[in-house]
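One structure is given below, represented as structure tokens, and several questions about it will come after.
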């Protein structure tokens, strides 16, 4: 049985990178299954590459080390090599609204999303029963203005080192920079508007008041600046004057859950690379 | 041959409006072909209705007058009655970019859009040859910061009283409140972003920098506040990290022309009603 | 508290129907909340109307009777009057695949879909545990070629008179004409292709082999002719050469559940009227 | 100034292809700008690769020859090397309907589509005036059942060896296998339905009768079997019971022109590779 590995590479662009990486893989006995690359400019930009390859089992660690000395050093590369057989560990932060959470739990359970959901942490107890059938630990960590620091310490304790990704599945609290840092892994948030339209609170009400003809949702990496992180995925749905703000909320919910599920899938398949304030999605 | 008429009605909502209007039409010998209505609230809102009807020819003026005294007065209605056989007269303002202009001219010429395009006014001479085959007068009215007032006076002279609608088909000057007033008919603008995202100049560059995954276009009525008028229609197209700002411009152009053409069609079919900062599109 | 009623009407088209219906409602003390109508031809077609109205409570039965004698008789109308406070009773037939079933159960539970799901009947025991948390009875009725007649008798017993709608949520058996008749209420099926493309079995494999660039799903009323019933709703999702038949199945599943949920919603809101081999969706 | 070249490769899949191609390009002084590849199976399939590269000018012919002896022979490759500075020569076949034709002419004229349209051949004289402003020769070749063989001979004479691609932009005659062979270059047709639904004549009428909720268009390579060629691109637009067959025709026309333009663009950018009855679109 082969190992299927993924190599992600980032370096200053120059001639010969594809050849160097592909020749290394071939010489290591790896067979390239797919290869995507992107340079941010015709000359002088940054180069990104994602490669999936098959390798006889037991050789991935050796390949990772050898790549560092044989290729990465020469080109000044940042790189990661992952084994696709090891699903990413995911922690979920959520408040009271269930649709994004349930969609992730259901996809993980049926094998449609190759992740291991380790824990659901909520600032409200409401969704405990909904999570129970999935066999995932549910932890209630109340957050109030007074207890926010303590709550974030508890959240960090539950997540840091235990998960590879935190998903904010309609988590209605602002995540502080210190929590982001303490957790130490990427966080993906779903915002219920087509960003950058309608930043902040109650976007569907804002959308209704502005009279837009489409409402949308945006999945993005969390940064310290609210709703400003690099966008991974967006989608929209058509609405009309007949739709109330409550209708927009309902119609938007379907978009939110599909946008978030796609973003989580792509992240966990190592398809998403940050490039400053934007993303590359291979 | 019957006349096909359109009745647009707006009044404070109360019981019995549909019955009163329909009974009046029936008693007048009109046959209702389609009827759309909307109330902005379950109670105490504003009521809007659009009705298309067939009437033996020669009776539309009489019906208009009778409706005023028999129905409109009782319900405190604003109303218009139009003959669908009379296409709206349209004037177009444009700068150098041709795709929205050509789409409108082409649709009008082939009978796909039931309007009479009376004049194309441009602040640049570039598109004169492109307009010529359509047999529509092209008038070059240069606009500079110094001559803006004179230019707007000339524009008003060309448009006021001569057209029922002005379309800004990628017109890159800000229309002043006084021009808007002097022209005295609705103006529809196409903005090359999914408003309210990316107001103002170079929206595709803004979109590229923000890293959005969809770009869009918005057709809206022009008001004195830039890019804030009631939205008639919007649409989007998917883009990726591979697309340059120039690609976004090209991909967006296709969305712009279709969004603008739909908005103009709906306006000219009397389907669009303003309701404060929003629109109802029947 | 008012009753909110819905009146659905169908009759040969002629002048004066809107006036007659609206005047009757107004005279009965009903306030029209929304009105949609459609005639299948400018003259000599069939006329359909859906009207929602508010009425002081306790008067709906009286209105229904009076409408029959005062209006329906004159115009030769088929009509129904329903109370929106009474959700439709729904039975679900399903085999082993859970996504459509779970989406319906979840929407009903959270109040997003105003139905009462009475029973889930499956020809396999697999989904019993998935249904349990929703508190809906799950009945396993095995179907084999030899036992099909008995199985259908048992299905009819579970459904006839007990539900207003049967949903085939990926039910992989052909429903016989006699079951359809025995159950005696409309049945909605979800077919996993954009009909009429790819009728019959394994449509995603057919789609992969034909190399289509979009795959879709179709919700339609069940008739005796396989996959030929009137279409209620359809949607598609973009696919590419990179997607395997398994990917199409996964991507299509998301379209199936949303298409089916929309079709069930519209049916249960009395928005869908059959017109021969097609539907009108108000 | 660099030459920008495109290398398209097809061969039995095996290990080391990417490395061999990339190393060859690097050793030849070429800098890879983009690389897409696809294998039809994990093992034992067919391998396809499209590579864009920059090369000092004057060296492309040498590279083409060297690639044949150094790489293609070893791997049993079919390959082409093209210079992106040489636009594909396109011939258009059309009947009476103008929207697809005009969209191609307009895109080519404004530089939005990098092709050289050499000739428009029509079996009707109707569109001559519409083509005139674009400065492209228009040739009227009438086709009747009796003269079909002669007409095809004349068409072949106008096209064979003079164009690299023939586009059937709503050409309402069936192209015979012998014309296809005589012309000797790929032909792209636009079919006005979402294939494989509604093959053959009057697809919008078929769509109206079947009551579909989306209508579409399909661009595909022409083969001897009507409407069965490999699909390049498809898209759809939402329709309803309110739309007549004439509305479907109008709404579909917008989809047709955009689908065809995309297919022609992708073909002319060497993005489309045939794989049996399907295509790979890089």
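Note that the chains are named A, B, C and D in the order they appear, and that numbering of residues resets to 1 at the start of each chain.
Just so it is clear, contacts are C-beta pairs under 8 Å (C-beta built on N, C-alpha and C of every residue); 3 or more make two chains touch, one makes a residue touch a chain.
In this text the structure is predicted, and so the values were computed from the model without any measurement.
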| item | value |
| --- | --- |
| A-C compared against C-D, more contacting pairs | C-D |
| Relative to chain B, chain with the most remote C-alpha centre | A |
| Mean-CA-position distance for chain D and chain C (Å) | 41 |
| Chain A-chain C separation of Cα centroids, rounded to whole Å | 37 |
| Per-residue multi-chain contacts in chain B, two or more chains | 38 |
| Contact footprint of chain B on chain C as seen in their complex | 15-19, 22-23, 25-27, 31-39, 42, 54 |
| Complex contacts: residues of chain A adjacent to chain C | 98-99, 102, 106, 110, 112, 133, 250, 253-254, 258 |
| Partner chain A, residues of chain B touching it in the complex | 38, 194-198, 209-214, 216, 230-236, 240-242, 275, 277-281 |
